[in-house]
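Could you have a look at this structure, given as structure tokens, before my questions?
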Amino acid sequence: MMPDADPSRAEKSELLRLRDRLARLRELPLVRGVGVQDELSRLQRQIERIKAAPSAEEVWRSVELARHLERPYTLDYVERLFDDFVELRGDRHLSDDRALVCGIGRFRRRTVALVGHQKGRDVHERARRNFGMAFPEGYRKAIRTMELAHRHGFPLFSLVDTPGAYPGVAAEQHGQGGWIARSQMTMVRIDVATVACVIGEGGSGGAVAIALADRVLMQENAVYSVISPEGCAAILWRDKTQAKKAAAAFKPDAVHCLELGIVDAVVPEPPGGAQTDYDAAAEVLGASIEDALAEIEGVDAGQRRSQRRAKFRTMGVLAAPES
Amino acid sequence: MMPDADPSRAEKSELLRLRDRLARLRELPLVRGVGVQDELSRLQRQIERIKAAPSAEEVWRSVELARHLERPYTLDYVERLFDDFVELRGDRHLSDDRALVCGIGRFRRRTVALVGHQKGRDVHERARRNFGMAFPEGYRKAIRTMELAHRHGFPLFSLVDTPGAYPGVAAEQHGQGGWIARSQMTMVRIDVATVACVIGEGGSGGAVAIALADRVLMQENAVYSVISPEGCAAILWRDKTQAKKAAAAFKPDAVHCLELGIVDAVVPEPPGGAQTDYDAAAEVLGASIEDALAEIEGVDAGQRRSQRRAKFRTMGVLAAPES
Amino acid sequence: MSRRIDVSVEDRGSPGDSGGGRVVGRGHPNTCPGCSSHFRDDELEATLRVCPQCGHHFPVRARDRIRQLVDGGTFSELDADVRSADPLNFFDLRSYRDRLAEAEVETGLGDAIITGSAKIERRPCEVAVMDFAFMGGSMGSVVGEKFARACERAAERQLPLVCVTASGGARMQEGILSLMQMPKTVCAVDVLRDSSCALFVVLTHPTTAGVLASFASLGDVTISEPGALLAFTGPRVVQQTVPGEKLPDDFGRAESNLRLGHVDAIVERGDLRTFIGRLLALFAKTEAP
Amino acid sequence: MSRRIDVSVEDRGSPGDSGGGRVVGRGHPNTCPGCSSHFRDDELEATLRVCPQCGHHFPVRARDRIRQLVDGGTFSELDADVRSADPLNFFDLRSYRDRLAEAEVETGLGDAIITGSAKIERRPCEVAVMDFAFMGGSMGSVVGEKFARACERAAERQLPLVCVTASGGARMQEGILSLMQMPKTVCAVDVLRDSSCALFVVLTHPTTAGVLASFASLGDVTISEPGALLAFTGPRVVQQTVPGEKLPDDFGRAESNLRLGHVDAIVERGDLRTFIGRLLALFAKTEAP
């Protein structure tokens, strides 16, 4: 899986061919990562993966790494990528949902707004953060933050890392479905540049609520899916233990998401996964977000909003019309 | 108090002088009421009141009429003024506050949005409507309706009739102050023409939450005040029974509100008060709103919003600077 | 791990566990789950598939719904030939292709939504009606695409869109692509908004998960049929998550949604056409015809 | 009728019933209501009027607050000469004119707010600081006017506005005109928003009624001091309304407001200047100086 340090000329030409294929797939430039020197090797890794679709084992490995208890969470990245960060709290109605962290901070000498799921590291914090599963109140806080970003022209970052929306009575009664919808709607409408990255579990509606961005990135070992493998197995196989089989079937891994045009770029992780080296993972993530932001900030706000809509408009695969 | 049926020439000239004074007071045309024929007599009544400031007894009479148990409420006017009315319900988060009625309806062959307090007629409905005292959820529903009006270009009417915001634990915990503020803010920001009318009790923050309009009208026997007479008496006189004295001191009646430039026009009621003839009260109210709307709809939306801000900007009385 | 389950398709049954439509039923679809009365097809047709004994609203197929709602002869279907591909080569106990083919044969539909132009109470509009009988009304690429095209047509023609939903959620067999139909349809509603065109949503039993959490919750006016289950996560999964917690009796039902502020009105099926007609008149951009 | 009471000025005291400032106190204003320790003025000054024993935040007068917050020598007061008229000729147990004159003598202030331009941590901004000692920080025409002018200046100079609130609510003696300061200040905040200028609100004890229900709740970022009472209706009136209902211990306090989602942060007085400095840097329209 690891790239050669110095790819041969033939390999380079193959890379260019594949890079072209990738670029055409999304009609978007590939993410650079940090430093021009590393580009080719990083690209190589992405492309190796795409040449050979990940095996069931590899997909499952992503599921495991995405859920790894030591995986860096939103606040681990905030700490490393932001020079200053002021958290914005509360939905102004009922509570401050700790499963979603919102705030503004200084990133690369400029102010940005951030919304991100936060799972919590120890037992106590995990409970407090509800395992990263937001309530409607959390989406409402996120909406408030998006509107603040819009008012002040701050680019918006979102870091997605949730098993999904919380399936509880109060969450339902407070209008979970509606607030996931309205959070997406707010992301369509705001004028500022938006970059989302799936950094762990991109679980269903809870994830997509904050992922309707100009650029959507995905870490190498993150997963992004409509349902958990266990949930899918329980429904389609009527057997929860078939989770690995389910994951292989619905392909939540980054490479498949890239190939399906769901994400714009894959953000490389340190060998073995982001949990092995938080600093390195943060550095590449920061560089990737910076690159993505540079691409979209050149565009006029109205046009950017149109392009954002157009991007999601094309998602889905239809059968070729019979002729 | 009742006007002469046929004012003499001298009286007419006096009227014109006073009318001019009134108009200069607000730099706004006076409301016409229904039919040109009745204008002078109606005007006369308003002006008689202004010539001789209402006595303490007259002010108290307004307090009593404004709270009269048979006084027409928002839905009584909706029934008479709207050809069709579809209620919009719910704040999309917690509940549907029955103390505030919101909806869209057909008024004079066009569609308008309405928000209004509703006190409830019988014991059961009064409890259900919480005596017209809204919770934060009510203001949130009103905001939703204002935004819908803005999206679709519907003029917004608001009918104010509340003892005030509800002073309860849950209402406070749900952010009462904040939602009264945000409801006002929404009324500043929407692009459509807005007309408010105080039709009964214009009680404090609960009233002003939905009264930040391009034109603010007030029925002849309505009251509009920062505090209830009883509350004021309890605080300043340390004696609740001094309510009548308090009311005379803080002057919540329509004539004083007109003279202070708080409302743009007084809407006449049938002799004895609106409760004596719902149909007649509704007819004059409808005509007054229609006139007010005609005045402000000629103005470009951006300019109307500026004028709306400018109008409230001037409220208050400062001491003349010492020279 | 049970907390992690984020189910997308759950309640495939109608209230009281009857089938999801006339085609894919468990128990006899014409036996009323409210009062156990049994009806002939023609009896139910005559009452718009509302139980004459107890008022229970039986599921309505999309074509029947359109017949009930729109002025006779005014519906012209569009995009009828759009079909799903199988980009994931999805295979669970059977292949997705087989399931699609079977659903098409069973329902006579290309997917879980019918779209087109029509008039309701003499007012022109675009319509989009979902059909729960087609794979539980699940939203895949076709539902998203046809809904988006309906929005775009409405915007272009400056007409309102009337949308009747019935959905168990996302089409799992399309994996992440089915999830992306949520932002896709939200973007489509934004196109409507930018054109100041109204969206009226009629939520019918059941409307859950991804559909509820996208376009179904973004209407200018939101109506529900009585008794409909409207929940992001249905009662069974909620119960699994917190096994001790007692669910309210009407958990997720239209009536509790009205009480909790999530819908504007519950309208009985017999009144639906008139009600939508009133909305079309109120939101009309020109004077009455 | 008790349900009708809609009190505008209620809690004139600080937590634990100490006075509203050094001037109009009940009990000795330098005795800590948290731990009963007593302090000399100079001791409290040295700790920014925070109890060194228990952390209780004593009230701070507006001029002291400005000294605590802004860079030395950078504050230039504006609109200091604006005074209330008495349009209603209001007389309760005494005349409004007398009350105003007395408050001015007692506090050395023209009204319950001081406004001007300043720098905080080397960043220019406009400031508006309320003083509870002047008639309970009540909002009449002068408070509304000076706040509105501060917003307009901020918009014109493209600077943020830092506002420190302390208010029992409306100035009843100005009747309906005091109520109108709510929409007036809301309109002023809208001017700020139209200019994309930030508003930072620091809520201090107590901020209630009309001030909480207008500009105090419209900040881009909302900070509170520990222990501050922040409620539209204070606990006494709530208790009167529903006599049986048990109020939570921290009803309306900053800490419950944070928990319930109404403020972004509780910042101790000693950290306030730094915190505001960070906000000014984050919202700055140009690079750091």
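A, B, C and D are the chain letters, set down in written order, and residue numbers restart from 1 in every chain.
One rule holds for everything that comes next: a contact is a pair of C-beta atoms (placed from the backbone, for glycine too) under 8 Å apart; a residue touches a chain by one contact, two chains touch by 3 or more.
It should be emphasised that the depicted structure is a prediction, and the values quoted were computed from it without experimental measurement.
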Starting at subunit A, how many touching-chain steps does it take at least to reach subunit D?
1
Looking at B-D and B-C, which one has the bigger number of contacting C-beta pairs?
B-D
Which integer distance in Å separates the CA centroid of subunit A from that of subunit C?
29
Using Cα averages as centroids, what's the distance between subunit B and subunit C in whole Å?
42
So, what's the distance in Å between the C-alpha centres of subunit D and subunit C?
51
Give me the residues of subunit B that touch two or more other chains.
92-94, 174-175, 178, 182
Which subunit D residues reach two or more other chains?
260-262
If each chain is a dot and touching chains are joined, what shape do you get: line, ring, star, complete or other?
other
All pairs of touching chains, please: list them by chain label.
A-B, A-C, A-D, B-C, B-D
Which residues of subunit B touch subunit C once you look at their complex with the stated criterion?
84, 86-96, 104-106, 109, 111, 137, 141, 148, 151-153
Residue numbers on subunit A that touch subunit B, as the complex places them
92-94, 136, 140, 174-175, 178-179, 182
Taking the complex as given, what residues does subunit D use to touch subunit B?
1, 3-10, 81-85, 87-88, 90-93, 140-142, 144-145, 148, 170, 172-184, 186-191, 208-210, 212-218, 230-233, 237-238, 241-242, 245, 247-248, 251-252, 256, 260-262
Within their complex, state which residues of subunit D touch subunit A.
193, 196, 198, 220-221, 258-265, 275, 278-279, 281-284, 287
Name, in rising order, each residue of subunit A that touches subunit C in their complex.
131, 133, 163-165, 167-169, 171-178, 180-182, 184-185, 188-189, 203-209, 211-212, 224-228, 230-232, 234-237, 246, 249-252, 256-257, 260, 262, 308-309, 312-313, 315-322
